[in-house]
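See below for the structure under consideration.
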Amino acid sequence: MGFRLTPQENSFYDLFATSASHLVEGSRELTKMLGADIGERDSIAARMREIEHDADESTHEIIRKVNSSFITPFDREDIHGLASALDDCMDMMDAAVDLIVLYRVGDLPAGVADQVEVLSRMSELTAEAMPRLRSMKDLSEYWIEINRLENQADQTYRRLLAGLFNGDFGSDAITIMKLKEVVEELEAAADAFEKVAHKVESIAVKES
Amino acid sequence: MGFRLTPQENSFYDLFATSASHLVEGSRELTKMLGADIGERDSIAARMREIEHDADESTHEIIRKVNSSFITPFDREDIHGLASALDDCMDMMDAAVDLIVLYRVGDLPAGVADQVEVLSRMSELTAEAMPRLRSMKDLSEYWIEINRLENQADQTYRRLLAGLFNGDFGSDAITIMKLKEVVEELEAAADAFEKVAHKVESIAVKES
Amino acid sequence: MGFRLTPQENSFYDLFATSASHLVEGSRELTKMLGADIGERDSIAARMREIEHDADESTHEIIRKVNSSFITPFDREDIHGLASALDDCMDMMDAAVDLIVLYRVGDLPAGVADQVEVLSRMSELTAEAMPRLRSMKDLSEYWIEINRLENQADQTYRRLLAGLFNGDFGSDAITIMKLKEVVEELEAAADAFEKVAHKVESIAVKES
């Protein structure tokens, strides 16, 4: 193994950018799911699964690269941690899509569209931030905005559950349970994006 | 930036003490919530929100200080981690208060008072432990007691859920779901206090 | 304290092996629970509690040893982290057993046996992997297999919940809620085993 430092480093940043780009793709399928007829849901879920596999591939490529690189742009553990935090975002968006199909959920509450819009914005911000890991500059705007969005997601989530429990979607307990699961998985995805931002913040703090 | 090491360090400890003191205040509002009439709940929740904002301010002040300090009393990442673990305790107690209002929960099961009592005790112990970070002495009693309390909270929590499921609060599934959410949030708060104790323990192990 | 490096190190590996062996024992009680009559459940839960106490003892022994050792085979924090990750697996299997008794759950869905089988396999793989920490060799097979099993557990879990929600176990919301709690605790146990594997992986990456 040689000492071609710059290309080595570059490719880590490229891999993180690729990994985050899958999140943007995933959030698009999630958005499609909202407006889809019941009959279209299976094909959207199948497309989501492909994106999730691609994302898995990106994660494994980062891990393999860490394990085989002599020099890494920042701590091995942090590269590891960031790769796996990005992967969690994908897993949770994929799980939400999967649950909608599996639980044969009927109509989705209007607030779910707000949750998904936040996830789309978080995906874009995350994808835009990854290339800035190279200079470690202008990252604070990213994590501040993600934190703000997560707080907003939290509010939406609590109000959604309150609506479900207080009869906005009827009084069938099992219907409410199913919707609750979907809404919770989307909230978990927003939390996962916040964890990515925390990871980036802690890397930036360490390297600065 | 100068090298006034001691004042610099002192103020980190002071900030952690302030951060933990908000937890004591928060746990007091939570306790008030238990005995409150439905009509008083909104004003308690409003007061809780203010405390939560103050706690957020403390967290941000710690983060800003880490980022601008040349010398820190222990690892930057650990200061970060501890500040955010303290913040999680506040968020979860605040969430519990918020859910009681949002879900228009009626009477609370008696076991909830036991959960809240444990959280009050955990808040006090945490606030008392923060100044001891300076000497890193006499901290083991703190984390051992927090672990013990968390085990106790865990028992209370499981028995509470068992009671809910086995009809102690009637058989209305939606009422049970609402109470379950509140009870789970309080349990998550107890877990968050344990994470603070684990963080303190791992800092002490590292620095010793 | 002397410098008897090798025995010192050995005993850390032995302690991790002992800790993981409790998981194998625990998973056996969990398996017994599935086939047990309602009347036998209490004694299985009592036996599980003893195993959980033994596991707690092992964890504390590791922590004490870390705190009193001059030389440790790998980072103190990582020893700490791994010990507590192993402990979490035990806690969650114990919780699942406890919930079955506490909630007075009736028959368990067939899919629960698949969940428990995965946990048994994970316990064995984890126990087999611990002695390999000494050489840090041949560990990748272990964590790859754990990841594969966790993905499988995830699929089982989602399908189980879908079955519950879609009427496989009748339409009584409270029965469904009870079973959901048990199924979720078992899924959390599988996640906990994956966290152990992640911890081992990150230690191996660091030490390599």
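In order of appearance the chains are A, B and C, and numbering begins at 1 in each one.
Quick note on the criterion: a contact is a pair of C-beta atoms (placed from the backbone, for glycine too) under 8 Å apart; a residue touches a chain by one contact, two chains touch by 3 or more.
All values derive from a computational prediction rather than experimental measurement.
Undergrad: For the homomeric pair chain A and chain C, should the interface be classed as same or different, according to whether the shared residue numbers exceed half of all numbers used?
TA: Different residues, largely: of all residue numbers at this interface, under half are found in both copies.
Undergrad: Using only the C-alpha atoms, find the rotation that maps chain B onto chain C and quote its angle between 0 and 180 degrees, to the nearest 5.
TA: Going from chain B to chain C via C-alpha fit gives 120 degrees.
Undergrad: Could you state the distance in Å from the CA-based centre of chain A to that of chain C?
TA: Computed from C-alpha means, the inter-chain centre distance equals 27 Å.
Undergrad: For chain B, jot down the residues that touch at least 2 other chains.
TA: Touching at least two other chains: 173, 177.
Undergrad: Show me the residue ranges of chain A that touch chain B in the complex, using the header's touch definition.
TA: 158-159, 161-162, 165-166, 171, 173, 176-177, 180, 198, 201-202, 205-206, 208
Undergrad: Taking the touch rule as given, give the residues of chain C at its contact with chain B in the complex, in rising order.
TA: Within the complex, chain C touches chain B at residues 66-67, 76-77, 80, 84, 95, 98-99, 102-104, 173-174, 177-178, 181.
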